[in-house]
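Consider the two complexes below, in which subunit A is the common component and subunit B and subunit C are the respective partners.
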Partner chain A sequence: MLRLNPSAHNNAHLLLTLILMALSLTLFEPLQLWVLLLVLCAVIIRVSLYLNWQKHQLSIRTLNLMAILCAIVLAYFGWQLGLLLGMLNLLVMASSLKLMLLASRRDYFQLIGVQFFLLGAALVFNQNIAFSLFYALLCVLLLLSLACHINPSARWPILIKRVGKLCLQALPIAVLMLLVLPKLGPLWQMPTGKGTQTGLSDKVSPGDLAQLARTDDLAFRVTFEGNAPPMSQRYWRALVMEDFDGSNWQVHPYRRKLQERYKGANQTFSPQVSGPAHSYQIIAEPTKQRWLFALDVATSQDSHVWQSHDYTLQSRIPLQSNLAYRVRSYYQTALHEGIPNLDKRLNLQTPEQANPRTREWASQLKAQNTSAEQIIQAIAKFMQQQEFRYTLKPGRMPVDPVDRFLFEEKAGFCSHYASATAYLLRLSGVPARLVTGYLGGEMRGDRYMSVYQYDAHAWVEWLSDEGWQRLDPTAWVAPLRLQFGLEQAVEFEQSFLADAPLANLRNIEWFNNLRGLMADMDYWWSRWVLGFDQQNQQDLLKALLGELKLWKLLLFSFTLVAVIALLLAAYHIRPWLQARQNLPHWYYQKALKLLARYDIQRPYWQGPQDFSMSLATKSDKQSLQHFAILTRCFTHLNYRPLTAQQKKRLVRQMRHQLRKLKRSLAKK
Partner chain B sequence: MAGFIQQRLLRWLDKRIPAQPRFSLHRGNIFIFPSRFGWLYLLLCLTLFILGTNYQNNLILLLSFFLMALMLVSLFSSYLNFAGLNLQPGKLANIYAGNPVSFPLWIESRKEGKAGKLHLAWFGEKVQSAVELDNFTNPATLNLFSAKRGKLQLPRLTLCSYYPLGLFRCWTHLAFDFHLIVYPTPMLPLWPVSHRDTTSAGQQSVSCVKEGQDLDDFDSLTDYRLGQPLYHIAWKQAAKGQGLLSKKFSSQTQQSGWLILHHIDQHLEDNLCRLCQTCLEMDARGWEFGLDIPGKVIPPGKGKEHVRQCLVALALVKGVADVTS
Partner chain C sequence: MQAQVQQAIGQIGKLIIGKQQEIRLALTCMLAGGHLLIEDLPGMGKTTLSHALAQVFGLNFSRIQFTSDLLPADMLGVNIFDNQKQAFHFHPGPIFSQIVLADEINRASPKTQSALLEAMEERQVSLDGQTHMLPSPFFVIGTQNPLHQAGTYPLPESQLDRFLMRIQLGYPNWQAEKAMLQQPQSQRGQALPTIINDELRLKLQQQVLEVHASDAILDYILRLVTFSRESERFANALSPRASKALLLAARAWAVTDHRDYLIPEDIQAVLPAVAEHRLRSSQADSQTNSGLSLQLLECVDPLAA
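So, the complex of A and B:
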């Protein structure tokens, strides 16, 4: 059966259609291409219905067929997408199918609800200022579509004004709620998208890091509460790799299993700390992974941060979007073994095969030197004497990479040095492991520090009697890397950000200024909007209230409720103010109310003059006279052309008469 | 069960919003509650809150709070738009049973700027019509229908509005102090006319007014009125597009008579319908007639007022059930 067209010139439907399209386009990355095409189809159908080119809707049978087809395709692709992206695709697909079908009020309302939810889901994927503003616009447009649906004959300016007013009224309340309502930790595990993970990975082959260091994406931002540590101390630990198979390092499977178990039992590692500390907040960019970054021995009180026994921090939720957390780093505290004996045992394991020349040299080292320090010195001396080079473009080393690096190439990136050193140490009987993370960070003024992907770094930790010691073999060959960062360290080979687009614009001053300004805005946005957390909230309250005490908090909450009530009352009271503005009317109404109190009602069909005449029998003479004068003033004010002065006089007279009327009625 | 609840509700409403000739909407007679979409919307806010909390995403939280605040604000807006409406039923002539008529409702507002659709329905029935408050002409109308003759108390009138965003349903059930008499449906055949000698009561002769009989001379044309027989319509004039006119005949032979209903039996309703038709017919012919039915005697007369009296009397005759019980 053909169904008639409910959308012809229906603005609410058109607006909804356009919003769905815009929203899907911003989700270009997480959505599948065919889902986007489906949205486009739905939009075309809807628009041609709107313009009445197409007079009839699709038949239900066609749509059902299409729905089944889509469901099969989604089920087929969905397995690889993971829950989050799968759900998102499903939602967009379902709403575009519903859009094709859209006919009844119920369809419309359901679709609006889903759009609001999609808006929220889109904020998981895109959160920078531009996208947020765009989504705010879409939200207002959705409300506009609703208003248009409820009141289709109103003109656009009126609708816009109405919705704008509602939004402006609601916004302060919403901001207040965000600032004051206690912030909860994540309630349960949310699925994460299986999209391309960015940043460091939990498995490192030495060449990987050099790849990563060629991009200038932001990794995270730090706001220090005191002074920032010097450049050469900014070792941001992220991952500890304890399993080496001859070429690749990765997080040890046993360690991983252990972490799962502790996490399952909700036990967190709390290291013994002492001495001075840096306090700072980190806002990490989305990586779709769980590990976080911190300096030295770090502790965090945040409920969504979990600490592992290898002193790394992990997030309880995958970093689907920006994540803010607070850390205290005790830079003088030693890293003791997290689990005694286990660390030692894990970090002495070496592969049986692979790298024969290295093994041979290591046994020589072990024979010649007695202490770990001496071995390290020997390795350093070897590298310096052999004139090892630091490069962003290391050669390929597919077989026996450590042999190849140490005895043939003699040039590599930080991960080559770290990998070779840790391996040598293990072979010589010193427990050692590879740590990946970032080294450095660009301070902007004294406010915040940005750490980029090209700051990615790998170094070694070896176990002494005092705990784990940091050792950075890169420093032996490229001291500039420590002091000034990667750009200086590889300046000679012109390889820094060589394949990044717009890289040569970095030398133009105004462009750099602009970049800095944008970065500042972005920082401000992520720090105060995306990164607004429990601590900020408490700080804010403290700044407002001083010491936080129960009675103060209670008082404050009452004040807030009162403020909201007042806000609402202010919106509400306006009509009353307007009534007061028309003074003659106001006085006349008051007079009528006075008379009504003495059982003299004006019938609704009677004009003021007639009413005044009809009173003759009902009241005493004096009140009657006052009311008659008042009525005359009222009619004159309303129906006679008067100068401003005359008007003023009449209004004053009305006020006098009203007072007299009151007195004479009371006397009676 | 549903009927029982509705009865209770009506009884409660009678106490809460007693019948009045006209209404001004205020907090005493307005109900307001989230609409079905409103509940969906609340669920959505909650879902967004959970999403925002679980992803530790302030923007989603802000969106959720914003939508909640919007709901709060729209509660007020919804109420303010609905309150202050003045409603009053328009004039309506009495009606015949089984014939629907439009019931006029005048909607006015003290304040400017009322907007949004106002849905009109009789209590417990489907929405009949919707007017947009910012663009409509008074009066709004509803179909009114009664299958039974007699006194009709207007059912409660339900008005509802979803302004401004459809989140809240603002509604009221108004009972207007407005009675209608529903006449019996005119029905053929005509009732026999009795001739009562005024001097010697009790002696009467009966004759039937038959269709086409005793209609002597064509007298004049009048506007066609409901209930007049179709064969009185001047079709020639109707074909010329002059509207429906009714031919009036003058009869020389009989100019007065009585319509008498002696007793109430199971054919009462049919009889009343026939009597109704006959009254209209007699009036159309310009006869004088009197009505004698159980409980009421109306002396002969003619004219609009007389017919109205007769019809009211017919409408208010006690039914069979009322008499036997």
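So, the complex of A and C:
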């Protein structure tokens, strides 16, 4: 059966169609390609209907067939997607099918409702300020589409004005809800695995970091409560790697197992700390991994942060979206805890084969020097004498990389130096491990800094009697890296950010200013909107109320509700009082409302007497009679000259009849 | 007293069958002391209705058939020199009667039309410096062919405004027309008895003035006229004279309903007759204007507080 075209020049439908398309495009990553294609098809169909190129809708039968096919395909692929992604795909698929079907008011309202839900779901995947603003815009456009649907003949400026007014009214409520409503944790686990991971990885071959250092993506931001530490002290620990196979470093499998076990038992490592500390909040960008970043020695009270025995912090859930956490770093405390025996055992392991020249040299070192400090001195001296270079473009070292680096290339990135040094130390009998993370950070203002991927760094920790000592071999060959960051350190070879687009613009001042401004805005967004967590909320309440107590909280919420109620009342009280003053009118309108509930509506223009007459066919005799008397009283009161006495009597009669009418209608 | 009004309506209804509402409106117009314009095609009973009204009220009646060559003097009368008395003597024209049927008023030239309309407004005739009072009561019942008929001079809005009401009779329905055809021939020529004599008419007219119009009703009238002025649908809106006319007509209607106060239904009953010829649509394509006052009615809530 052919169905007529309900969308021809229907602006509400067109707007809805475009919104669905825009929304799906922003969800490019989590959506499957075929779902996007389906959306595109639906959009094309709807637009051609709008332009009246196509006069008829698809038949229901075709659509049903398509829906079954889609459901089968989704069921087939959906297993691997996990709940959230599967549901998202299902929702987008369903709304595109509904869009093809869209004919009645009901379809339209359903689709609008689903779009609002999808907007909320989309915010799970895209949270930065640009997307948030875009989604807000889509939300307003959805409302506009609704307004247009309800009042199709109204002109756009009127509709926009109306919707704008509504949004402005809703804004304070939204802000209030953000500030006051309790913050719930995420209700579902975000799926992992899909999408490329960014930033560090838990396995490092020395060339990797150099690659990473050529991108300028944001890694995390820090807001300090006091002063920020100097540049050369900003060693952000992320991962500790203790397993070396001759070319690559990774987190030791045994350590990993141990961490799992502790986490399972819900035990966290809490180091003894003393001395001065830096307090700060970090907002980490999503990495889809669990590790977090902090200065040594870090402690965190946040419930979603867990600490491992290698002093690293980890999140209990993978970082699918920005994660904020608070850290106190006691920078004078030594790293002397952990699990000493295990640490020693793990960090002396070396591969049997590979890198023969290094092993030979290490045995010489061991023979010539007695203490660890001396060995380190010797390595430093060797590197400085042999004029090692620091470069972002290290040569390829596929076989025996340490040998090749130390004795042939003599040029490498921080990870090469750290890897070689740690290996040498291990070979000489000093427990040593590789730590990866970030060094540095760009201050913006005097309180907060941004740390980018190009700040990625690797350094060495060796175990002395006082605990783990930090050793940064990069400092021997490129002291500039520590003091001024990577850009200065590799300035001579023009390799900084070689892979980032627009990198050449970094030298133009206004572009840098613009970049700074964007970063600032993004920071404020992350800090105050996305990062507005339970802690912030409590701080705010504390700032408002002082010490938090139950009765204070209760009082506060009641006051809040009361204020809102009062405002609403103030808004409504005048019309209400006015209506209430004219009692006959008041009763008559009440009677009309009663009848309207039983589907008897007075035409807008009809006089009371005519209306009462017209009821004869629509109502039962009893209520009819009551309403007729009511109407008569009303007309007398309203249009006849009466004495106060008569008026009183009639009003009383009206009230009486109204009650009777209510009763007789209810009986029906 | 009320019985007589009903009786009058019934009597006229015997001649013009199935047009109760229009007859009542015509009667209302007479009670309100306004002039009546009947617009319809030839042969719909315009003349019959006017005759019947004159008879029921017991007033003397004259009929002027308007043609394009009718001059004002033909209607108003002339001063003729009397040789015997050596003086001009006024010979009154047909307009000097209590009910004047101005038949096919829009066939006359504008000059004649305006002479009639001046007489209607002033209730006197000025000729050669002499003023002659018209008899009292003085009703003009104009009839008019629809404008698209050949050889008509449409009345300008300012002159249409002088008529309190304009009614259209329209075709009778099946039963009514059948009843009319079944009437014995002899009955048709019979004159109607006088039912509302002068005394009663004056009493009723006094009552009309005493009908109570509450604030709510006045507000309703004001809402109606204001809407006509503010809406974009109407090129010509309702003037203050129109709102006065509306109130007056509604009062007279209430009297025919034996009520001494106004209710919104009174306004709604007379509004099409009172307002239709004063409104003009702003849309060029709707030439007939039909239903403009109904549109107006349906846009205004009589109960709005």
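Throughout what follows, the second predicted complex is superposed on the first by the 432 of 668 C-alpha atoms of A that agree within 3 Å, B and C clash if a C-alpha of one lies under 4 Å from a C-alpha of the other, contacts with A are read in each partner's own complex, and residues count from 1 in each chain.
Going forward, contacts are C-beta pairs under 8 Å (C-beta built on N, C-alpha and C of every residue); 3 or more make two chains touch, one makes a residue touch a chain.
This one's a predicted model, so the numbers in the text were calculated from it and none came from an experiment.
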{"item": "Subunit B or subunit C, by number of subunit A residues touched", "value": "B"}
{"item": "Subunit B versus subunit C as contact partner of A:Ser321, first or second or both or neither", "value": "first"}
{"item": "Which of subunit B and subunit C A:Gly607 touches, first, second, both or neither", "value": "second"}
{"item": "Which superposed partner A:Tyr588 touches (first subunit B, second subunit C, both, neither)", "value": "second"}
{"item": "Which of subunit B and subunit C A:Leu480 touches, first, second, both or neither", "value": "neither"}
{"item": "Footprint overlap on subunit A, comparing subunit B with subunit C", "value": "604"}
{"item": "Residues of subunit A that touch subunit B when the two form their complex", "value": "109-110, 112-113, 116-117, 119-121, 123-124, 127, 132, 135, 139, 143, 146-147, 149-154, 158, 162-163, 166-167, 169-171, 173-175, 177-178, 181, 183-190, 304, 317, 320-321, 323-324, 529-532, 568, 571-572, 575, 604"}
{"item": "Subunit A to subunit C touching residues, read off their complex", "value": "578-579, 582, 585, 588-589, 603-610, 635, 638-641"}
{"item": "Subunit B residues within the subunit A interface of the complex", "value": "22, 36-37, 40-41, 44, 47-48, 50-70, 72-74, 76-77, 80, 111, 115-117, 132, 134-135, 162-166"}
{"item": "Residue ranges of subunit C in contact with subunit A within the complex", "value": "212, 214, 216-217, 261-265, 268, 297-303, 305"}
